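For clarity, chains are labelled A, B, C, D and E in written order, and residue numbers in each chain start from 1.
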């Protein structure tokens, strides 16, 4: 299956703006969790359907509604109606092969990003889509399956740590985005460590296995890059937005986040270049090794081929071959062979081959 | 024949703005089909000439006139007069080697794109030109031959599915464009799948055939890229147009389409890089294989060349060659050869050649 | 002689703005031809000097004055005075190594381009400079020698074909520019066809001759690119000009011309990439061939070297060499050699070398 | 450990805006040094805590407070409160893996850069973070450990050299930035000298050791680039800032600094390209050497292989082998061998192999 | 010594804006020459110090003051005071490793460029710095040593040739800049000629010497590029300057100069690409040659190795070896060898190796 461009086949020919779940179903049932808070109160609950959530929206509190699982179209459509989401938003949420982007609608801001995980089973990095709706006093997040990436954020809201309880939904959105970008950092850093280790190993050993690692890292970096690179523009776009939904106090944080994404992209670039350098080292090693092998072959051949020839001469059966009959011929013969061999060795020495 | 730049020879030296059919004639006769609809009514018909179409234009309904076949200059000129098309538009429609672009005229918007198909016979991707005229209450589409790519759109109009019947000609234009871009997705995804498969195969086998596939995919990607890359700018241009022909409600959809084209271009870029990586793997494999072959040669030569030399020594016919006459010479000789051979093997072992 | 940067030596140290003919003299005598027309009348004449041309300028007709040959400084200076051309314009006209560009002066627009021809004698592409002055009711064109590239335009003016007789000097300028760009198309297409053919040939045969062709095409593409690439900017610049000399009705045509130049540049880029790919194929072929040659060497050597060694053993003259005296030794010996040879063949078979 | 992207693990999951020291502790205790001056007076002191510094801030004098060591969170927080620093500023100061950048806050400008040193122990370049706060009449600098890079600046302030004592805090900031950029110059120049030396050495000798140097320089350049490249944008940003904190008289100096950073980036680029060229030379050398080795092998083999064959022929024991019994056979045989050998030598001579 | 980034060590740690001569002293004594002219009068003089120059400044005439030699700080400082030059200007003038740039000050425009010469002794291109101050009625030029590059300009001023005597100091500045850029042209053209010659030579011969030339040209191009590339921006910047010091009549000339610098940069780019192509040809040649050598080795080995084996067989001393005793064995044996050899030759023929 093409990994870099997932099949959109299922909804090919569909009317655009029709939400159809495109992706693998990763969860049995949609799970809807709500955290509703203001500086003083906090309410946490899990709902069977989105209906009862209305009561949290009429208040001034910040409501974070998290929906895990995107395959239940009924739930998604219900949410869409309740929050008056544009059909395209619904389509983007359910079609899990979106490029990271930000779209401003009249009543809300829609952000779609990728969360990256290392999949131990297939030994490769996988991306899951996170959709986020930023409304005036609520945040909607849609994940493909139940994950624990936002657990620290939940902890912090519960424990009233940091500014989070005193600021609005825009700050909550920022924290969630920051958590995701931090996760990119962690992932690239792990990969980077392995790549830098590979460099040391490559100098010592040149096995095909190392080459496979090298190509594997290259591919994983490409894969990460595809998900991570557009995030910077997304954040920049969000930062420059002239919208009441993003408060001035949050802009400084978003600027910081933008710098962070620049740093992530820089690191991706550095590791890409490093891999190219490693490939060069690998190639050079192969070339050097070939030279060494051929040198051994040449030295042995060049020394012994003439010697064998001379032995052949005195193995001929000519009737009149005077040298054969001298008393010390055999020893003179050996002497001559030695002289030739030493001469060759001296020649190679001078050429710095040995 | 040059595939990447079709002959414009036929109209070389022609006055610009003269519509001359440049391309292969792909259809016997031009076919004119009209779908005329409003939320309530729908009329579908096929006309022998463009004349009778006037009656659909005076009403408020949306009329989609599709013309298959571009070689009948009379039809094209008749259409041009009826819709007051600029001579350059007519020339662009009939000259089927246009770069995707968008041009705004006073009364209409002209868009030209490429539809891509996989041609089973020649085993390569072929591009056909689609021209589209967006007018206030009509859409004109010109195709080189009868195709089925828009059939799902027709179905949807007939069945009143989605928004299409309630919105204007601009939305219809969007749906048609979206259908084409979706088709790019499908095509690139098919190619991408094969490229990713090739990667796995290349690690195992390094035949010249694989190299040919690799170069073939590279060329096809170039060909797709030539048709697809300018589409993004075309859509962006359309989106930024300050024209009454494009309603505000359709702009959101166009923005979504623009993001889609970005994604298409990203994917093309990723697969290009992947192919370059594959070429590198291929080269490295050739180099490694050479090393392996030469290693076998060297090991055999280096072991047997001295042995043969020693055999040659005792094959000489010197009269006084003392060793020949000792009782166990032959067995000592064999012993010496074995020692030499084992010494060599040990040497190669230490060098990690075997 | 440096082909990519012609000697400016002749006028090095000259005051800028002094018209000095820099180039080879390609024509005996300057030739001045005038076509003067309005929708109704047409006058065509050839003048010995520029003086009598004044009478055509006072009327409302469009006058196209074409001057072939740039070495007669008197003629050039006379023209300069008559049309009040800036000294820099005169210098640019006569110095035939200009980069394509457009300069706006108070009374006229100056455009300089390259016309490209394939020079059969030297078997390379050569560029000739075309300078064009767009005035309110006249066009001046300066060519290095008499060419036939504009003959179709002359024919069309004579035959009242197209819009040309009814529109002004700006439209005539457009037609001339379009003719030149069309010629680029033709040239690149011819080259492209040969490059695409080369691809097929390279897969079959890998001669040094093919490599020379490849490098030749590369150089010619560079040469074309140098002349053609800046044309797009020139046209864009002309299109964006806020000048009364360019009418609104002609802008649509210039926009179309701009798209055409984009297409030309795209094609140049595609062919450049294709040549790089071909070079890669060439290199890979060399590598594969080396592998094949070495494989043959290795197989033969590895099989026969041990056999020869064994033959050598039984060619020794040891007095006590028991095997020599058994009755079937010779046949057993052959049997052993066969076993060894078959073993080797089996080994290579398993390694997929044969 | 990943060198190009330091672990942010420690504060992963932390609320953004929480200052947590991320880095190695490089100093036992924070050291706070103050230089307070105006054109007439100068006071220099070292404080145990930041508290007593208040008295310098109420005056019109310029106060430069330098804090070495970032691990004592109490000190950092105290400073933060006293100067009303934004939580993000505090986080950026203590997290020592920032990308160089400039952020404008209401009351101050925050700049973060890297100081680069050559670490003799690990034989590689290391970066230390310098944070700078530019306030109306004070400068705060934060370093990871006690360094001597700013000693010349201190000397100059003490000795009233240059303009520094008569201009404000913005000029002091400029001098500090200039000192850092000058240091980049020095570092790159040292590296550049070694790279240019390597070029000369590579032509003579092609050892694996040289290749390692080459890769080492490449990596160090990448490392420098990561720290230095964004500095230009930082300075440009600072220069374009519409802030009262930067006086008009200082802008000329900042412009000069901006040009300097452009020059630094150019030099980095030139050396990068040079290294790529060197790698090419290295590869070419390996290839040439292989050719030479194989040539020696081929010449020897091709000459002696036929000779040995002929010796073999006359070593056969055929009963009826007429040549063996002629009187001068042996000498004719030698003559024939010589003719063959000389013929081969002549052949190689003509091929210019010897 | 690092050639691409000259040591700034001498003034490292200096206060910015302190003029310190950084460079080699290339002249014994500073030389101050003045040319003062208006359309009617001309005065030329050489002064021992700058003091007496005041009298030329109060008049309306254009004064061109040229100072050769930058090591005498007293002279430089005196000039600085007299013309009220900014300290940074003085520093830039004396520090001879500036990147080409333009800076506007209140009373003058400062331009710094590189003049390029071919140094016959060291056989490389060297750059000397030219600083120019454009004032309302004067031009100051600072050169590192006495050069003759501006002699033609002096001649022209003396002989009242061209516009120079009737226009102001801005036109003089333009002429001087044009002279320098023309010199770039000349230099690049000389280099380009050699590079194009090298191409022809490389096809015939592949010596290491050619490779060294190739790398030498590459380095020289890099060196030129470093000095020449930023000139375009400098001129563009000057052209766009909203300053009274640059008259409208001179802007056309500066536009022309800007086009010239574009052309210079294009040529540099073309030659860089050409060198890369040449390197590719070189590599391919090495590869082809290796193939050829190995082919010779293989053909000889593969033919003679089996023959030698068969000779070895009949050299064995088996007691019962029936073939040895047949009458025509020896001739049959030769026949068999010939058949084998011819078979091999036929095989190679079919493989197109011979």
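Definition applied: a residue touches a chain if its C-beta (ideal position, glycine included) is under 8 Å from a C-beta of that chain, and two chains touch if they have at least 3 such contacts.
Since this is a predicted model, take the numbers as computed values, not measurements.
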| item | value |
| --- | --- |
| Same or different residue numbers at the chain D/chain E copy interface, by half rule | different |
| Centroid distance [mean C-alpha coordinates] between chain D and chain A, Å | 26 |
| Mean-CA-position distance for chain D and chain C (Å) | 42 |
| Junction residues of chain C - those touching two or more other chains | 283, 287, 290, 294, 297, 301, 305, 308, 312, 315-317, 321 |
| Ordered ring members, chain A first, chain D second | A, D, E, C, B |
| Complex interface listing, chain C residues touching chain E | 1-9, 12-13, 15-18, 86-88, 92, 98-99, 101, 103, 105, 208, 211-212, 215, 218-219, 222, 226, 230, 279, 282-283, 286-287, 289-290, 293-294, 296-297, 300-301, 304-305, 307-308, 311-312, 314-317, 321, 323-325, 327-330, 333 |
| Footprint of chain E on chain D - complex, ascending | 152, 156, 161-164, 174-175, 178-179, 182-183, 185-186, 188-189, 192-193, 196, 203, 252-253, 255-257, 259, 262-263, 266-267, 270-271, 273-274, 277, 280-281, 283-284, 287-288, 290-291, 294-295, 297-298, 301-302, 305-306, 308-309, 312-313, 315-322, 353 |
